[in-house]
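Two complexes are shown next, each including chain A; its partner changes from chain B in the first to chain C in the second.
For the complex of A and B:
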C-alpha cells in the first residue's frame, strides 16, 4: 500500500520529478563514462609499460633489475614450476645487452632484447604496433625489430644492415651485423628511441653467454593482482632467483594506480554532493507543498513512522528509476568510447609519465567497480537526501498541518 | 689603509697570475709526453675486471695532439680492430663485419676497447691544459702537486684533477680524477721510467677505478719511436681499415 502511494505521489508533479530524475540520470551516466575513460587512460599507461616491455611479472637473478649487470644471468634450462602456474598465460625468456647500434655515419646507444619471437608475442604486444616491415620470425638468424625513433635517428628502413657493438662477457669486443625486419611505434619515447628486439640465439652468441638468460618475463591473467601472484610464485624459485611484479619494477606506476583509486572517490563525492543537494531540494519542496495532505493522512490514522517510510520510498523509487536509466546510459556511452573512442593525436602527442605512456586518445574501459560504485552511492545519496524531508513530514502536528494554507 | 689592502691583494693574486701560464704549460708537457710531434708505439694493454682478465697487443701512431690511430694485433679474435681519432671525433673499425662506426657524443663516456679508459680520455686528454685552470698545491725539491679545476665554459667530465709530477726528469707520478661531487673516481699511476728515443718517459701506466679495487687497466709500452715521418693524410678512414 505504501509503495503504491509513494509511486503515485512521485508522478503527481511530473515536471519536477522528471527534472530531478534527469539530473540523477545524467550525473550517474557521466560519472560512469568519466571513470571508464579514466580507467582506460590508466590501462593504456600500465599496458605501455608491461605489455610493451616488462611483462606483468619478471623472473631474474636477485638484484639484476637494479643495475642490469650482464653477469647476473642464469641458465635457460632451469625447470621453473612458476611457468606452469594456471594464472600465467605466457612467458618469454630474454637476454639483454646495451651497446652501440650503427648504420652508415649514424650511431646510437641502444638496448637489445634477445628474444624467441613466439614466446615474446605471448607477453608483449609490439607485434601490434608495427609501423613498417614485419615481426621477427622464429627461424631468422639476425633480424631486428627496432623502435621508430631509433629508425629515424639512424635513417634506416626494413632490409637495411646494422652493426651492433658491445662488450661481451669474456671482455672481447662483441660485434655483428643485424638486418632490420620491422619498425615499431608505441608512442613511448624511451622504447621507441632505444629498444631493439633480436633473436635470443644471436645475442647469446655475440655476448659469449651460450644458454644463458637475464630474465623470464611473464604475462598473467589479472595484472592488477600481479603482486599477490609474485608472492605465491616466490616459494618455488631457486634461491638465487626472484620474482618481481610490475609494481616493484615501476614504483611510480604503482603510486599512480593507488592515487587513481583515491581520486575516483573524490570525483564521485563531488559530483554526488551536487546531485544530492538537488534531490534534497526537490523533496523538501514537495513535502512543504503537501503539508496539508500529510495532516489529513495523519488525521485519518497514519502513523508518523509510516509517513516517514512513504517519503523515503518515494526517494528510493526515484533513485531506482534513475539508477536503471543512468547505468544504462553510462554503459552505452562507455561502450561507445570503448569501441570507437575519440582520437586526439591531431592536437596532442603521447606523454610518458611514471614509466608508462598516456596515449593521445579518449578511450574507455568497462570495469565493474566503475559501474558499481556510482550505482551504490547514488542510492545512498537518494536515501540521505530523502531522510530530512521525510523526518519533517513525520514530525508534523496533524491539526497545525491541516490548517496550513 | 688602501695601500695595505692593495698590497694584500697583490700578495694573494701574485702566485696564481704569474704561475698560471707556466702550470698549464707544464701539464701540457706531461700530457703530451707520449705523443711528441709524432710517435709510433707498440704496447700491451692488460685489463682486469671481476669477471675476466685479458691482454691485448696493439700498435699506435700519433701526430701532434689531434691525430691518433691504434690497431689491435692480438688476440686473434680482435686482430684488426682499430680506433682513429681526428680532432674531437672517434671512429672504430670492426674487421669481422668490415664496418667503420663513428662514436656519437653520447657514447664518449663509454669504455674504450673494454678497458678503464674512456673514448673521452682519447679525445679530451689532449686538451686538459686548455680546459682547466691550474693552481700549485704543494712543492718540494723533488715534486709538484698541481690542482686542475675546469674552466666555467669547458665541457668536461671531471670536477677536479690533481697531478703529482716529478721535477727531474719531468714525469708524472700519479694523477687523480674527481667527479663533480669532489669524490675520487680513478687514479692513474705511472712507473718504469726510462729514456727511450731521446725522451725520458714512464713506460707503464695503471688506470685504477676507485670504486672497483679489484679492477684495473695496465698499459705497458714495449717499443717506442718519437719524431718519425708521418703526414696528416696518414690518419684516414682507409688507414683505419688497415688498407695501406
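For the complex of A and C:
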C-alpha cells in the first residue's frame, strides 16, 4: 500500500518530478561517463608505461634498475619458475646498452634494447605503433626498429644503414652497422626520441656479453595486482635477482593510480551534493504542499513511522527510476566512448606525465566500480535528501497539519 | 458507562505572550448511538472539543475517556492506534487523498488495519450502495462533485466500523439540498448501524437533525438539550 501511494505521489507534479529525474539521470550518466573517461586516461597512461616499454614486472640483478650498470647481468639460461607462473602471460629477455647512433652527418645518444622479437611482442605493443617499415623478424641479424623522433633527428627511413658505437663489457669500443627495419611512434617523447629495438644476439655480440641478459620483462593478467604477484615470485628467485613491479619502477605512476580513487570520490561527492540539494528542495516542496494531507492521513490512523516510510519510499522510487535510466544512459555513452571515442590529435599533442603518456583522445573504459559507485551513492543521496522532509512530515501534529491551508 | 466522557477538560493555547482559553473546565458525557451536535458560534471551542474527543489534540487539564479508556494524555503512537480502530473522521473540505480512487480512499483505514482485500471490497460495495456511490469507485476525488466527495469521506469514516464518527462542519462546503441528503444518510447509518455521530456545526440544518444539541460559548457549556 505504501509503495503504491509513494509511486502515485511522485507523479502528482509531473513537470517537477520529470525535471528532478532529468537532473538525477543526467548527473549519474555524466558521472559514469566521466569516471569511464578518467579510467581510460589512466589505463592509457599505465599501458604506455608498461606495455610499450617496462612490462608489468621485471626480473633483473639486484640494483640494476637503479643505475643500469652493464655488468649487473645474469645468464640467459637460468631456470626461473616465475616464467611459468599461471598469472604470467608472456615474458621477454632483454639486454640494454647506451651509445651513439649515427647516420651520415647526424648522430644522437640512444638506448638500445636487445630483444627476441616474438617474446617482446608478448610483453609490449610497439609492433602496433609502427609508423613505417616493419617490426623485427626473429631471424634478422642487425635490423633496428627506432622511434619516430629519433628517425626524424637522424633523417633516416626504413632501409637506411646506421652506425652504433658503445663501450663493450671487455673495455673495447664496440661498433657495428644496423639497418632500419621500421619506425614506431607511441606519443611518448622519451621513447620516440631515443629507443631502438635490436636483435638480442646482435647486441650480446657487440657488448661481448654472450648468453647474458640485463632483465626479463613480464606481462601479467592483472596489472593492478602486479605488486602482490611480485612479492609471490620473489620467493622462487636466485638471491642475486629481484622482481620489481611497475609501481616500483614508476613510483609517480603508482601515486597517480592511488590518487585516482580519491579523485573519483571527490568528483562523486561534488556532483551528488548538487544533485542531493535539488532532490532535497523537491521533496521539501512536496512535503510542504501536502502538510494538510499528512494531517488527514494521521487523523485516520496512519502512524508517524508510516508517513516517514512513505516519503522515504518516494525518494527511493525516484532514485531507482533515475538509477535505471542514469546507468543505462551512462553505460551507452561509455560504450560509445570505449568503441569510438573522440580523437583530439588535431589540436592536442600527447603529454608524458609520471612516466606514462596521456594520449590526445577521449576514450572510456567500462569498469564495474565506475558504475557501482555512482549507483550506490545516488541511492544513498536520495535517501539522505529524503530523510529531512520525511522526518518533518512524520513529526507533524495532526491537529496543526489539518489546519494548514 | 458512557462511550465518551470529558471530566473538567480545559484547553489553553499560547498566542505570543498571551494564553488563549479555547475550552474551560468542561464536562460532558456522550452515550453510544447518540447523534449529537456541538453547536456554537465561531471561536466557541467546538472544533477544539471535537479534536480532543478525536484524539487529535490533548487537553491542558482534565480527562478524556473514550470507550472506558483515558486517552487525554496517551502518547502519539497510542493515539494513532485509537484513531484507527475507534474513530472515523469527516472534514469540512472532504480531505480525500487525491492520488487514490474513491474506493481506495474509502478502504484506506481498513488497509491500515490490515483487513484482507476480499473483506475490504465487500464492505466498500455495501457502503457505496448505501451511500449512492455505485459506479464511482474508480474515480479520483477531482472527478467527483463536492457532495460525492463528502459521501466518499463518509464511507471512509464508516468503513472500519468505528465506535464514533466525528464530523467537523461537514456541510459547510455543500449546498442545502446536498447537505440535507447527506444528513439524512448519516442519520440512517446512525439508526441502522448504531454508530455514534458527533458533529461540530453552527448550521441550523445540522442542528435541526440532531438528537442532542450541546451549545458552547467562549469555551464553556452553554446548554445541553
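Definition applied: the second predicted complex is superposed on the first by the 405 of 405 C-alpha atoms of A that agree within 3 Å, B and C clash if a C-alpha of one lies under 4 Å from a C-alpha of the other, contacts with A are read in each partner's own complex, and residues count from 1 in each chain.
Operating definition for what follows: a residue touches a chain if its C-beta (ideal position, glycine included) is under 8 Å from a C-beta of that chain, and two chains touch if they have at least 3 such contacts.
Keep in mind the model is a prediction, meaning the values are calculated, not measured.
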Room on chain A for both chain B and chain C (clash or fit): fit
Touched partner set for A:172, first chain B, second chain C, both or neither: first
Which superposed partner A:109 touches (first chain B, second chain C, both, neither): first
Partner chain(s) touched by A:71 [first = chain B, second = chain C, both, neither]: first
Which superposed partner A:9 touches (first chain B, second chain C, both, neither): second
Touched partner set for A:303, first chain B, second chain C, both or neither: second
Angular separation of chain B and chain C about chain A, which is computed from CA centres of the superposed model and rounded to the nearest 10 °: 150
First (chain B), second (chain C), both or neither touched by A:398: second
Closest approach of chain C to chain B (Cα atoms, Å): 82
Residues of chain A defined as touching chain C within the complex: 1, 5, 8-9, 12, 292-293, 296-304, 306, 398-399, 402
Complex interface listing, chain A residues touching chain B: 71, 100, 102, 105-109, 163, 165, 167, 169-173, 175-177
Sites on chain C touched by chain A in the complex: 51, 54, 56-57, 76-77, 80-81, 83-85, 88-89, 91, 95, 97-100, 108-109, 111-113, 156
Of chain B, residues touching chain A in the complex: 47, 49-54, 75, 77-78, 81, 92, 94, 96-97, 99, 101-104, 106-107, 110-111, 113-114
